[in-house]
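The structures considered in this document are given below.
The following pair of complexes shares a single chain, chain A, combined with chain B in the former and chain C in the latter.
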Partner chain A sequence: MRRHAVLWSMVVLAVAMVTPFVIVALNAVKTPEEYSSGGPLRLPEGVSLDGIIAFWDRVDYGEKLLNSAVISGSVAVLAVVVSVFNAYALGIGRVRGRLWVLVVFLTANTLPQEALVYPLYYIANEVGLYDTKLSVIIVFTAIQSAFGTYLLTSTLSGFPRELLDAARIDGATKWQALVRVVVPISRPTLGVLFVFFFIWTWNEFFLPLVLLISNENQTVPVALGVLQGQRLMDATMTSASALLGVVPAIAFFLIFQRALTRGITVGAVK
Partner chain B sequence: MSALRERRSYLLYLVPGGLLLLAVILVPFGMNIGISFTEWTGVGEPEWVGAENYLRLLSDGTFWASFRHNVALVVAMAVVPTLLGLVVAAALFDHIGKHFGSRHAAVLRACVYLPQVLPIAVAGIVWSWILAPKDGALNEVLRAVGLEALARNWLGDPDLALWSLMGVLVWMQLGYPVVIFMAGMGRLDPALHEAAELDGASWWGRFRHVTVPGLRPEIFVVLLTCTIAALKVFAPIYVLTRGGPGGATNVPAYYSFQNFFERTRVGYGAAIATVLTVLVLVLTAVFLRVQQRGER
Partner chain C sequence: MPKRLLVAAVAALLAVTGCGASDEPSDNTFTLWHFEGPDSAMGVAWAEAIKQFEASHPGVKVVFEEKGFEQTQKTGALVLNSKDAPDLMEYPKGNATAGLLSKQGLLTDLSDEVAERGWDKKLGPGIDTTARYDERGVMGSGKWFGIPNYAEYITVYYNKDMFDRQGLALPTTLDELTAAMDRFVAAGITPLATAGQEYPAQQVLYQLALTKADRGWVDRFQRYTGQVDFHDAAWTYGATTFAEWVRKGYVSKDSAGLKAEDMGLAFMQGKHPIMVSGTWWYGRVRAQVKDFAWVSARWPGMTAGSSGNMWVVPKGAKNKQFAYDFIDITLSPAVQDKLRDAGGVAVAPGAAPAADPATRQLNDDYQALRDGDRLAFYPDWPVPGYYDVQVSAVQKLITGDADPKQVLDELAGPYREHVASLGG
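Showing the complex of A and B:
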């Protein structure tokens, strides 16, 4: 009896957590007339894609998806590469003062973006990168790799020395040891980092909001957030926009589920 | 000698990362501190005013109010999710995982975790629509079950807005501690639990004396990361309330943004951001200190 009480209370909690998603999905497929006559809770009479199509056209959603994918993908690749370089020097190379360097990286990772935003905005303007995807890519490569460096350095400082010695005896240069020994063996960790960097960058809002002012450069969260702020959309279009914002996130969630559950425990040191 | 050169050649690998760190984080951070001692609209020359911005902060009611709101958000994003997360994780792990199979537990965990994968801006849109005063889903539900008297302007009423925001943040944040704590429970030695059970300890007794102490490292990590996240919270405010109504949900992060880009009082915004940074860094240092002492 008590067992079931616990089960049911957990089921109720799970349903409560998921309900907002369900309500959004239900209303995204209604027509505006249906919505105004039946309210948000009545089941839709059929699947109307009007709201979704209207929203898609209005913000050119395909373009926003592409922007987000280009930015997040580039950042994930570049930040993994930079993290590997840094961690190779710090964790395996054990350069002098590495502890202090690590502290700097870790501190950089905790700084609020508010304390960077105006200078970044100003510098981007000065060097002509303001309102370009490249500016956001550079900024987030730096921010994400600060975390990646910290995480990977602790992983690589436990890297089996014998393998590196063996590579050196075989005449491998440092570069070859990195590319042929360290990277292949660390691939699972690098994969998790890639996934994290991609999703974190995809979800970023504040700095992209400031750095990407023109429509054709905006990412999905920025375009949705800005449009929401203008309060120009009707109810069905709002839920259509929310649904379109939710879908990629859930898709990543499912695709990367494995890496995520493995990675969350890795991320626990953050 | 050759060992030294050997080590030095690794320094080359620090060059790209070091330059990025310098250009994107260290230099801008230094600039921000510099700007905070000036009066500047963002164009023309900044005018040096010394500590004036900081002195003005001390007597700025909006600034202090924004910090009080931030404390409320720490409760909503760190304290409540940690406490609730412990109970939910224990129920899922100990109870449902054991009596109904780990598949059930995994599905329920996934449901609780789902809000975490959403971009916060998108979650904000979902909720601003649910909480809308006229035809929002929450008010419609209340009407449908005959509790129309409870329908409110959830985000538009200055007395309610902060509470509504806190509720939304708990929903967003809960999945994170649940997943971390469940992973931590997998690490704990089941023999401890069995021994306590043989000694006749109740579930609550085992929870308090075995599970919670065992999860200390995870609890620390969750409290620290969530508290920092709460201090930096921006997107939900921007999308849900814009700091309103009447400043009722303003927080330092949003207040600095307003000064930077809406009021073009860049120096003042920089001072707010600097104070926020100091707070975050001090908090991090204190947490890490306490954690280290706990491990010894």
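Showing the complex of A and C:
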């Protein structure tokens, strides 16, 4: 009986989570006329891919996908690398005042991006990086690794000391201890961070909107914003674009899903 | 694994920086940004203008980028302040947008070009209010900072089939409109489609107030030319009549929570016979309503409306000459007629009237409004952030949480504060 209750509440939850996606998918394959006469909830009479194709052509979606992949991929890799270095120093190296360093990182994490945007714009403009992907990569590497440092530091402060001692006795330098011992053992955790950084950066809207001005540099979420008119919206095309926008993130999640589950269960190792 | 990742990262970075540096604009490039969809009247007309520009400027490369409205609105000032500014861009009109940019010195003064090329004569009087800004960034006088290309105004959309079924003629006065709405209510139909969560409801209230207003009233309210009394005859009439419309069931109480899109859909699905909203709906209604006959008709009296969004030339534009040439082309009869035939309101059409009678009606109504000096802008314009104040005040009127007097008080507060901050 209890099991059934759990099962049913899970079913309800799953339906609640999936419904918005279903509605988006339904409207993405409608024609604008169908949408106007039947509203958002009626089933489409046939599958019309015009909205999806028109949107793809209108914003040159392939280019946006590539931009997003380059930016998110670079950020995910760089932020993991920076986080590992920081966390090694803070979690294992026991730097003096590390608690305060962590507090600063955490506080920086809670700052709203709106507060950062003007200084970032100003600096980017001054150093000539405004409207380049590099500026966004640098900014998000810093933002994501602030969180990564915080998380990894707490993981690494519980790192088995015996392993480090053994490595030192075998003559390993600090660098070798990091690369040969710490990183391989924390790999599942790093994998999780990588996946999260990728998806978070992929979904970022506001800073890329401000920093990437020309269309050839834009990311997927910014390209979706093109459809938002001043007073009118094109519901079917917006749905089509939303569908195209989430598919890559979902695909990426599915591919790296195993890394995620491994990372979450890794704490259970004896 | 991490090593491989590192290599990938470095490679990615190199690729990024490599392609970032390659696009220095040359002297023969004309960069143009606007935020109209490719199927909208403006999108269609301006695509034609680009073609004509390319024909008359051989060797010049036109780089056109379609932007989002939100992107333009949020990042306009930042872009204009950088070296990546385009040569010409579409920008929202009004004190809080183009006016602010002009005050910050980010826009080129177009007055000389206007005089030389006769743009002011093409546009005619009245429409230039939103194109000119003084040193405070207040519209209506001073230098030219923008050139409008189309106009928009509030109009009344009627579902003709529903009127026929009730045996009603299309109303031409407010009294006839009220009588018609009574008939619909008696037949169990809510006559007026509107939406309280966005601009439509506040514009209806403003339209009602405007029936008792004149040019001086509008100027005092919009351009701060004199004292504004929110409890004068016009405002009081607007608010009390709106409240009465709600009480009599002309407007559904549920509409307080609806968005503009919901209003448009409800009208296009034939749920309500009347919609009072902007000409920006025209193209969509024309393209998507297949099941019933409909018409657009002028609102009796002064009417909310203005020029559309404008061309502005950034201060840092590299090829301003191209920008001026392009503006000139968009004001030519050929391009303006194209805009009109695609369902837009042209500001400088050619001599021949539109072939389609409905489009002709739409444009003739505009000419009548302009010639009668009856364009009254929009109720949320005078104060930055006034839009949300209006939304919440009018919502309370729909739900009955406030009486007309309280609602007008709510509108008066922020207005007085803003005018005081301008220093007279």
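Just so we're on the same page, the second predicted complex is superposed on the first by the 208 of 270 C-alpha atoms of A that agree within 3 Å, B and C clash if a C-alpha of one lies under 4 Å from a C-alpha of the other, contacts with A are read in each partner's own complex, and residues count from 1 in each chain.
Heads up, the rule we're going with is that a residue touches a chain if its C-beta (ideal position, glycine included) is under 8 Å from a C-beta of that chain, and two chains touch if they have at least 3 such contacts.
Please read these numbers as outputs of a predicted model, since none were measured by experiment.
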- request: Pick one for A:Leu49: touches chain B only (first), chain C only (second), both, or neither.
  value: neither
- request: State whether A:Val12 touches chain B only (first), chain C only (second), both chains, or neither.
  value: neither
Message: Quick one: is A:Ser241 in contact with chain B, with chain C, with both, or with neither? Answer first, second, both or neither.
response: first
- prompt: So, does A:Tyr88 touch the first partner chain B, the second partner chain C, both, or neither?
  reply: first
Message: Contact-wise, after the overlay, does A:Glu33 reach chain B, chain C, both or neither (first, second, both, neither)?
response: second
- request: May I ask you to decide whether A:Val70 touches chain B, chain C, both, or neither, giving the answer as first, second, both or neither?
  value: second
Message: Per the contact definition in the header, classify A:Gly225: touching chain B only (first), chain C only (second), both, or neither.
response: both
Query: More residues of chain A in touch with chain C or with chain B?
result: B
- prompt: Touching A:Asp131, do we find chain B (first), chain C (second), both, or neither?
  reply: second
Query: Once the shared chain is lined up, is A:Asn215 touching chain B (first), chain C (second), both, or neither of them?
result: second
Overlapping contact positions on chain A, where the chain C interface meets the chain B interface: 35-36, 39, 121, 209-210, 222, 225, 228-229, 235
Task: State the interface residues of chain A toward chain C in the complex, per the touch definition above.
output: 32-33, 35-39, 58-59, 70, 73-74, 77-78, 80-81, 121, 125, 130-134, 137, 179, 183, 187, 190, 209-210, 213-217, 222, 225-235
- prompt: In the complex formed with chain A, which residues of chain B make contact?
  reply: 7-14, 16-18, 20-21, 23-29, 31-32, 35, 42, 88, 91-92, 95-96, 99-100, 104, 107-108, 111-112, 114-115, 117-122, 124-130, 132, 135-137, 140-141, 144, 171, 174-175, 179-180, 183, 218, 221, 225, 228, 231-232, 234-235, 238-239, 242, 252-253, 256-257, 260-261, 266, 269-270, 272-274, 276-277, 280-281, 284
Field: Complex contacts: residues of chain C adjacent to chain A
entry: 1-2, 5-6, 8-9, 12-13, 15-17, 20, 23, 35-38, 65-71, 74-75, 78-79, 81-84, 92, 199, 260-261, 264-265, 268-269, 278, 280-281, 284, 287-291, 309
Message: For the complex, give me every residue of chain A touching chain B.
response: 3, 6-7, 9-11, 13-15, 17-18, 20-21, 23-24, 27, 35-36, 39-41, 82-83, 85-86, 88-90, 92-96, 101, 104-105, 107-108, 110-123, 138-139, 141-143, 145-146, 149, 174, 178, 199, 202-203, 205-206, 209-210, 220-222, 224-225, 228-229, 235, 238-239, 241-242, 245-246, 249-250, 252-253, 261, 264-265, 268-270
